[in-house]
């Protein structure tokens, strides 16, 4: 039986970042994720490359951490980051006096924040609310959390790590001394329950990690705060727009790839609800209303979907809103804290500080294992971010331009020799047959939702209507599993609908009716609809057919 | 604030099914990708502009197909203008400046017309300019319509109690003054005086499609000022000029014309409505016998203006009318003149040409001048504007009597 | 401009209504906002789903009172079904289908679906006639048709289904761009070429099959190219629709429009009716965006504007409305009630539509408009996708409204 140095539980950005760091230091690594990479909080947030400005007034330590990581990620994860820069605007209803305090705090934290003339702000970002009375420019940006996680995992694999998705850890294995020596996991693909052994087990499972930790006899107090967001069909703004005031609901509008999104809210929810986040009409109203204040044209912009995630915050006090809780990084050595050797938890933090979290956790693990190699993730570019910029002109196929944005230097691995391979599968997001194959073969997509996260297929304005059946056909072909592929397709459209129906009016009703006409009326896809469990959005294709 | 019309697209792909260019030219990325899909990417980064947009014919058949009301053609036209990648060369300057070329050519038409027909000049234009040698150039008239009007018609117009204006366009002015003359004849017989606008410039459609947005906008402003000054109905005889004046000015050039848009109307629409309401009565010669095939030009299809042409043509007792299935002739203004487009142009039109041959008419009737060039060159059948057909068949004296014109 | 009847909407219901009227010499104008959902057609019209052994009449009897079939009246439906088939025939559209019971078609995913009236060349079976051995033909690299999906489903039904891929050289040029290898473009190319080689290639592989199933990418303008390939194949063959756009659907739309125009009808495309003048409980005239000041007057107005997709109905966060006149709409509850979180469950919004009386006359603020009718998907009360009555409701209500108008004369 194979003995690993470290087992990492959780395939979010923290787990993927830890896997990469551990692997780069020469450890043998196994990452276990109960569903797909980014399935939890990682895939359900703003995608804001924080400058730290938002925390400058309330938490200068977090702000300083943010800006350092911001600068690092621009360098080492260039293909996951878009350097949009950000504006913090003051509206007539806001207190302009806050601006001075804000700038001062930013400077203290090392964030380059400068006040600019509102007119200049409008020139730079024509979508901004023209009623603004003040504007500050900060080095905010956009980061694609799917890409960042998947490429961290890919990089880890290139460094020898094993990544197993759809493996849900069900229990910890302990030796006679009470030391955690591995885990038992349920394989959702074939239904088996294998055991895996490692010297150190690292819990990087966010809010779900808390529940799991209890099984090892360890209590980590976590605070699940639900955040709701709306995605709009296209980019209204090309700079991040924030409100220059004490952080509140729905005050950040982030441009992300072809879309933009507004968020978020913050509501405490019971831990049981974390697996099935539902967006309420009130949340939709609030997000929309506040979003329009940032960029008035949002009022006329097609809302693609509403979705929500859970902030994995470490409970520190009883503040019911969750906003004042420190987002600082928590790395727990359970040997010291709880007398459970072999077990470490990394939690808290933010998407922005994932690399630092990984560094801290890996340092602790290395110390335990007697490994002295130092961390290189702050200087070694992520795979994909290590090549020169693509030279394009108006003759370059737009699928190539789009794919370069998504896969950076790995575009060389996307086959484009034949006109079939350059044919578009997803026309909204310009995903070619070659890119779909790359997603299936290299990035290990096991179903349509996996593929969406790896390529943006189905994330565009038609929400999969055009491309889902084409992609299902390609998966079926590559895995010889036509019947499962149809079930997967049925579930994929159900998953898309989950985000659509809370915002179904205007164009979205038309899109929904059209999709039903085609997939149910014309094709009879409802015959393949399966009961989807609430804990996992998509069924995994069965091993036999895979 | 940007125009959000592109976001109404639900990706049904019907525009692509009805696009004449996509059906024959595999380099063209089709109206969906070129229009709303591309627009989403261009909003992200202008570098996503695709050169293949140059193949869009601006026929607007995509807009006719779209169940979502997306102005696909306009989106593409605008993207081309804004791309800055569309640098007009000498050929584009020559083809797009229809009025300058007309002004220069008309005085020398006895020389120019035959020269344009010489093989050697065709070869020269092909080699030097990239204007296809297989293309027949429309002949220039010996005298412009405006000159004829000043000499022979202007004085009589003031005598009418009812007055209208006429936007003649380049074609009627430089190539086919008979169209303008026939309009004056028709309207006069019905009791309307026809005035010309204080200043008329080319509507600019060719400038827009050849990437000269700035000039198009300047000319549009002149036209709009004249139309405003006219303050009453301005008749047109070209479907393309009409569409440009009414719809492209606001949608592509960003010029608001809401106050005068409804004043600009095809003469055929004006006539048809007045005939319907009984305000105008038409009498036709009893011995006029013609077999006519009506061709719905792309811009007549887009504007729905053929619903006025058909009832009028059906009024002529001796006309035996066939309605051809609406389809693009392939020329699309200056597009088909370009060497690299010739084959596409002819392939697109082939279905229409076959239908015409099958109908075997005396005339093909259509309101579009470039369709006329294309159909005449490609089929040998004579093409006539319905206005001319009405004027030819008109019993002028009887019509005057019916309308109590002295 | 004065017409006998103005039909707003140029899809199946509008065209069948208009053709019925024009055939009786009435002067009709269709004002259409763009292409209709007929362009996504399966090549079949469904009437109503029936259970094993159930007749149409029995299935209709179980429909809710507000369903268009109930308004029209069960006794009229048999005759109307016959009228629709004859009317299509006069437009050059040959169909097959039993008057009293459903047959089955094979869907692009290989499911069997019940249907009433199918284009002759599409798949159509009674269950007892299902083939034993089929060959499903794929065009190499065509993403909108999936022979494997079809074959695997048929296999589960005990049919021996093989697939074969044919490489069509003539259509490969369509791939010079990334997006346009679509059914309609393929049909444009194939219709213009000699397809002997294609037919040969299929024949070679079809030795053992008793039925060949082909993607419906033949005959976009006329049915001749579709018939031609069937003639050239040595085994019986039938078409299965592709993902949209639907080539047989486009052809249907085209033939119906041609029929209407040949009858002297006028058709405005790509225009939007934005207002109507109502006086004394009647619509006097309508106005469109393109024609501005022109008043389109008529004795009767038929709203054939479709459902949400076609913009015949619009939804906001708070209400469902009919955008031209604000006609009375049947809908219930608030936004949260209109949509079922399960996309495959019955969706309440699908049955929302314009309120009508039994003569399909619409109403405004509770008052019936004497000369205005609604037909097709705009009607309330049907859940067309779930109960399998999309094409039937459109075709039958269109013809029925025309009958009522003609009977009044």
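As written, the chain order gives the labels A, B and C, with residue 1 at the start of each chain.
In this section, contacts are C-beta pairs under 8 Å (C-beta built on N, C-alpha and C of every residue); 3 or more make two chains touch, one makes a residue touch a chain.
Only a predicted model underlies this, so the values are computations on that prediction, with no experimental measurement involved.
Peer 1: Can you tell me which chain lies farthest from chain C, using the average of the Cα atoms as each chain's centre?
Peer 2: Ranked by distance of C-alpha centres from chain C, the top chain is A.
Peer 1: By C-alpha centroids, what is the most central chain here?
Peer 2: C
Peer 1: Decide which interface, B-C or A-B, involves more C-beta pairs in contact, and give its chain pair.
Peer 2: Output for the comparison: B-C.
Peer 1: Centroid from C-alpha atoms only, then distance chain A to chain C, rounded to Å. What do you get?
Peer 2: Roughly 42 Å, centre to centre.
Peer 1: CA centre of chain A versus CA centre of chain B: separation in Å?
Peer 2: 53
Peer 1: Just how far, in Å, is the C-alpha centre of chain C from the one of chain B?
Peer 2: Their C-alpha centroids are separated by 34 Å.
Peer 1: Can you pull out the residues of chain A that are in contact with at least two other chains?
Peer 2: Answer for chain A, listing residues that touch two or more other chains: 398, 427, 430, 510, 514.
Peer 1: Give the residues of chain C that touch two or more other chains, as numbers and ranges in rising order.
Peer 2: In chain C, 37, 40, 175-176, 178-179, 244, 309, 311 touch at least two other chains.
Peer 1: Going by the contact rule already set, what residues in chain B reach two or more other chains?
Peer 2: 10, 12-13, 32-33, 68 - these are the residues of chain B that touch more than one other chain.
Peer 1: In their complex, what parts of chain B are in touch with chain C?
Peer 2: So the residues of chain B touching chain C come out as 10, 12-14, 16-18, 22-24, 26-30, 32-33, 52, 60, 63-69, 261-262, 269, 272-273, 276, 301-304, 306-307, 310-311, 323, 325, 351.
Peer 1: Show me the residue ranges of chain C that touch chain B in the complex, using the header's touch definition.
Peer 2: It comes out as residues 1-2, 29, 31, 33-37, 39-40, 173-180, 182-185, 188, 220-221, 244-245, 250, 254, 258, 261-262, 266-272, 288, 290-294, 309-311.
Peer 1: State the interface residues of chain C toward chain A in the complex, per the touch definition above.
Peer 2: Within the complex, chain C touches chain A at residues 37, 40, 42, 107-109, 111-113, 140-141, 143-144, 146, 148-149, 151-153, 156, 172, 175-176, 178-179, 181, 241, 243-244, 246, 307-309, 311, 314-317, 335-336, 338-344, 347, 349-350, 384-385, 390.
Peer 1: Chain C touches which residues of chain A in the complex?
Peer 2: Residues in contact with chain C: 281, 397-399, 419-420, 422-425, 427, 430, 432-433, 469-470, 473-474, 476-477, 482-483, 485-486, 490, 493-494, 497-498, 501, 504-506, 509-510, 512-514, 516-518, 520-529.
Peer 1: Quick one: which bits of chain A touch chain B in the complex? Just the residue numbers, please.
Peer 2: Residues 127, 233-235, 238, 255, 257-258, 296-297, 300-302, 392, 394-395, 398, 401-402, 427-428, 430, 460-462, 465-466, 507, 510-511, 514.
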